[in-house]
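Take this structure first; my questions come after.
Note that the chains are named A, B, C and D in the order they appear, and that numbering of residues resets to 1 at the start of each chain.
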Amino acid sequence: MARVVLVGNLAQITGGVAEIDLSATSVQQLFRQLSERYPALERYLEGGVAVAIDGQIFQDSLLEPIGPDSEVFILPQIAGGRGQVLNYDISSRVGRAQPTQKMS
Amino acid sequence: MRYEAPESLEGAVALLAGATGEARVLAGGTDLLVQMRADVVDPELIVDIKRIPETRRVTEEGGGWRIGAAVTGAELKEHPGLRKVWPGVVEAANLIGSTQVQGRATLGGNLCNGSPAADSVPALIAAGAVASLAGPGGRRDLPVEDVMLGPRRLALAKGEIVVSFLLPPRPPRSGDAYLRFIPRTEMDIAVVGAGVSLTLDGGGTIIAARVSLGAVAPRVLLVPDAARAIIGSRLDEAAQRRIEAAARAACRPIDDKRGTTEFRTDVAAVLARRAALIALDRARAS
Amino acid sequence: MAESSGHGATNGQHFVGTRQIRPDGVDKVTGRARFGADVSLPGQLIGRVLRSPHPHARIVSIDTSKAEALPGVKAVITRQDFADQPSEFVPAGEMMMNYKDVVRNVMAREKALYEGHAVAAVAATSTAIARRALRLIDVKYEVLPHVIDVVEAMRPDAPLLHDDLFTAGVEPKPAKPSNVAKRVEIKQGDVEAGFKTADVVIEREFKTAPVHQGYIEPHAALASVSEDGSTELWTTTQGHFIVRAHCARLLGLDIGKVRVTATEIGGGFGGKTVVYLEPLAIALSRKAKRPVKMVMSREEVFKASGPTSGAVVRVKLGATRDGKFVAAAAELKYQAGAFQGSPVQPGVMCAFAPYDIEHVHVVGYDVVSNRPKVAAYRAPGAPISEYAVESVVDEISKKLGIDPIQLRMMNAAREGTKAAYGPKFGPIGLEETLNSIKKTEHWNTPLRKWQGRGVASGFWFNIGGETCVSLTVNEDGTISLMAGTPDIGGLRASLTSVAADELGVPYDKIRPIIGDTGSLGFNFLTGGSRSAFSGSMALVEAAKQIKADLCARACKLWEARPELVEWKDGAVRPLGALAEKVKPMTIADFAKVAGKTGGPIGGVGRINAQGAGPSFGTHLVDLEVDPETGRTTILRYTVAQDAGRALHPAYVEGQFQGGAVQGIGWALNEEYVYGADGKLQNPGFLDYRMPVASDVPMIDTILVEVGNPKHPYGVRGVGETPIVPPLGAIANAMEQATGIRFTELPMSPPKVLKALKDRGLNKA
Amino acid sequence: MAKHHIQAKVNGDDVEFLCETEETLLDVLRDTLNLTGSKEGCASGDCGACSVMLDGRLVCACLVLGCEVGGRQIETIEGMATGASLHPLQQRFLEAAALQCGICTPGFLVASRALLEKNPSPTETEVRYWLAGNLCRCTGYDKIVTAVLDTAATMRKG
């Protein structure tokens, strides 16, 4: 099973679940399995994430293989020469409110 | 928009005096063209004075130097005699903008643009320069410090133009200097400018001085108190503190994008002192 | 070896890694190169934009009738000429954008949201008539209260820019709209617990001013739309395929009907990745049925094209007594301009990326205010957050008495380190850059009073992305190379070297051009330090096709089995017994018989480049402060950065040097200055103070090459990282020179003098 | 009012053109004479991209009116290379990678030539101050200044 980690706000969409073990063997399968489990994730996976498989970042790529022991991170898409534009709008989703950070 | 390039002073004066709308004198054009492009001014008549011989000459006169109002900074820099006697004035003229701007910018334009931050003006005032004006009423002389009244306001009558500047004869043991503060090394408008001209006696004591400050008031200032602060001294520590205090006291600056009131006042004091020290060195070496 | 005819064999000469003369160079030193404003068409009209004088105003009405009636005016456009777009994030090219915002940014609809916001545009037979026409357009505004500062914009009672903007990323959904577009975060471990294990914790707040990319060439576009809707556009852009996508969407055109040619581009740095004039020029041309040329003035560039964010950043970093970082937290508030989309997300992810820290929590806010919408600027978001972190790292080094390079070395990310943003790093070169800086003579030179030395490191991800290049073998064996990413800093030189080595053809027999959108498949833009990285990868693919094709042709010509031929050193070579019978054939040999052996020879590399390796850099700077005026002089500067492999070392050095000097400007003097009226007070190069030649010393460079295993030549992107470390390095040097920790950029003379004076230090 | 009819010399050639009073020499060069090698970066004399020689004097073409140049000699970047050969500065800029995007390059070359004609042995500081009116955002100036110093050294050797 590959260990899949949702980075940043994506975990809010899954109700706070940030780490999931999945048996996906490609990015496409990974997205499909994640979307089945968390339908709200689907639109973000379709058009606004990067996938890091064992440390290497892939963007806009459905066909990359995922190994059985791979560590996979789903990150906001890394844009260079332009700002990040996808809006992680989880406002209508059920989820645990994130406490605001205390800086003290 | 009409453009005229008369070849005589009389012609220029007649054109300007007869203008019905806004009329502008074009010398180097480094301010005028920018203002036209930015729609700040939209003159009906432009009178180019560069074809008038009197505005384009540097000549010795009665032991002093007469500089035409349309002589460029680059030409002043190349003039060997002038640079030797009035290094501060020449340096100040050469601080206006870039090398390219130097190829066009003039003392007359720098003064008549009416900016309190004009680099050459404090140096001219410290030097005791007198502007020679021509107008419908004839010729007259006006000390440079009296030409500018405030931002964009001049003491010139309609149709009157600045033709040249007379720098007075230089006694022995004299020196001048101009310093300005800008955030970069080049290309900025002065945040503060300070011009100092002084003369020493045989023993090295300052016997005459003029101090001028730019960009610290609505017009470039002649600061007699700052001159008095160092006259009679050899610019020792105490005299340095006095010129700083006098410069500081004269400042009436504004807060703007280029500097705060506090900054301008503090730096005016520093520059007045530093310019005086350079002028002193030059006087000693002369 | 058999003699081969023509130039095909390069005698083992390699061009990658050498300093070849750029193929586009002669045109650029003779004035022949055509930049955005240099292109003209017969019968063209001149387009001009009417811009809002108010920072925030409702547009009650726009009456264009008088302008339309002016002789010589051929078209006037306003908001009515652009269909509204739904509020959804949709793919545009390879980007995700909210076209509801894009359509409003190119032409104001309900409200003008910043001074300089486009309100109408005209096309006329001369510049003078176009200018006159703008004065005849009557716009009635209802002026609204404005907000400029990011912290003020976040206040509940701040003037609201968009009444349908609800903060995303917070639960529950806010009941009221606000100027905070979204909240983003990354989290690892448990920072609260982590800080408890720290012996020293430093927490500080920093502020940075918005700065402009400052490219010397203003935006320019020339559009020609014919009666059947076919559209041609010439524009100065970092991505003509992206421009095509935006224009097609905004104007309801088929992508296939729009052909965009990228002119030579006079600098971009991220600022030419979006559209401003292009849709207006097309809309005007469509209406006037004549070509329309539009060029921005410098004032328009400053007022209406993207700077990058100003920001407020709070950083907290904890370390053990012996210098190990144990916990890190940060809060980033980035100002986005009038529409959401600041680079706060990459700012969040980059903040602590150079370091191996177990517990990390970073939160960011994307905040709108009445300023031009920010555009990308070189490593978007990273210089701001990394400046704050590098300042705090320096403070910890002082507090613990550990040498700042040593402290960074102890905590540096290396291969296998879990990055603060999640995944583990592959081979990276941060330690190597630190080591090479430590070994410089610069680092070991003594300083005088009022001088200071600062060091800082920096990180940027780099990206790959969709890329299409072609190689065509011409009849005489020369090669035409076509790339689809505009060349801003020597791309054609780098790609030509790669093609020469791949094909065994001399560098000067390859002519590279940037193809238009009709000539190649989709290319993502030049940005993200991707064009040399991805382009060279795609070229290897294209060359592979050519080599395979030539081997196949040789098999047929020689009537040989495939295993008896091989491509080696620029030629197809016969093996074994066959070598006795036939001579190797070079590309030039094949070119002569191309027609007879199957037709034209060429290859097209079409890839979605992956495996962009991050680039780390470390900068070292010496400076001197004049304590009486607060003026800072940069005395000496050294950049060390990991390039993976430098395809063209001189242009890699150029990226390092240019980034460093842009960083010097950001640190010391550049800023947007607004009046209380919400208007920009310094929209020109006179008072927006970019460094001039006399402001800076030579910038020494150290090329570190830790190969990127995912790239055939080991290349890493290099263009963006160089602007990340300067802000921190200069702030750290200022601290050493003055004893004062400056937490606000720019460290301009009035600020520095005030700080010195407050401490009684303003004496030489 | 009617346009001005101006006769001047540009890169040694006689030219004749009509211009409005408010048109600058830069407008005339680029739009009327189709000499687009001089660039407009600011139109205010702050960037130097339009540097030209006017009667042997380095100026910004954006700060000169077209109607002022009657009877005068103008040299632009288009006239810098002679015959088939580049000026040594042009050649050195290419070899030393002294340009990235290239938009400022014509201005730097014209200004640098003016410097070397006046001062064949400039110091680094003199080069930097002479070129302070030419903005470059790409290179950090290092390779430009180096190229000018190297060209000066080569030209001194003859």
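In this text, a residue touches a chain if its C-beta (ideal position, glycine included) is under 8 Å from a C-beta of that chain, and two chains touch if they have at least 3 such contacts.
Please read these numbers as outputs of a predicted model, since none were measured by experiment.
Visitor: So which has more C-beta pairs touching, B-D or B-C?
Guide: Output for the comparison: B-D.
Visitor: How many angstrom lie between the centres of subunit B and subunit C, each centre taken as the mean Cα position?
Guide: Here the centre of subunit C sits 44 Å away from the centre of subunit B.
Visitor: Provide the C-alpha centroid distance between subunit B and subunit D, rounded to the nearest whole angstrom.
Guide: About 29 Å separates the centre of subunit B from that of subunit D.
Visitor: Roughly how far is subunit A from subunit B, centre to centre by C-alpha average, rounded to an integer in Å?
Guide: A distance of 66 Å separates the two centres.
Visitor: Just give me the whole-number Å value for how far the CA centre of subunit A lies from that of subunit C.
Guide: Chain centres of subunit A and subunit C, defined by C-alpha means, are spaced 25 Å apart.
Visitor: In subunit B, what residues contact two or more other chains?
Guide: In subunit B, 38, 185-187 touch at least two other chains.
Visitor: Scan subunit D for residues touching two or more other chains and write them down.
Guide: 20, 22, 43-44, 46, 129, 131-134
Visitor: In subunit C, which residues are in touch with two or more of the other chains?
Guide: 268, 685-686, 691-692, 694-695
Visitor: If every chain is a node and every touching pair an edge, decide which shape results: line, ring, star, complete or other.
Guide: Topology of touching chains reads as other, fitting no named class.
Visitor: Considering only the defined contacts, which subunit C positions touch subunit A in the complex?
Guide: Subunit C reaches subunit A through residues 89, 91, 94-98, 166, 168-174, 181-187, 192, 203, 238, 268, 270, 273-274, 314, 316, 329, 331, 340-346, 348-349, 361, 363, 374-376, 379-381, 421-426, 460-466, 525-530, 608, 610-612, 710, 717, 720.
Visitor: Quick one: which bits of subunit A touch subunit C in the complex? Just the residue numbers, please.
Guide: My answer: residues 5, 7-9, 12, 47-48, 52, 54-61, 64, 71, 73, 75-92, 95-98, 100-103.
Visitor: Would you tell me which residues of subunit B are touching subunit D in their complex?
Guide: The touching residues are 1-3, 5, 26, 28-30, 33-34, 36-38, 46, 48, 50, 72, 74, 97-101, 103-104, 185-187.
Visitor: Along subunit D, where are the residues that touch subunit C in the complex?
Guide: For subunit D paired with subunit C, touching residues are 20, 22, 30, 35-44, 46-47, 49, 76-78, 80-81, 86, 90, 93-97, 99-106, 109, 124-125, 127-129, 131-146.
Visitor: Can you tell me which positions in subunit C touch subunit D when the two form their complex?
Guide: Residues 19, 21-22, 24-26, 28-35, 37-38, 128, 213-218, 264-269, 295, 297-298, 488-490, 648, 650-651, 653-654, 657-662, 684-686, 690-696, 698-699 of subunit C touch subunit D in their complex.
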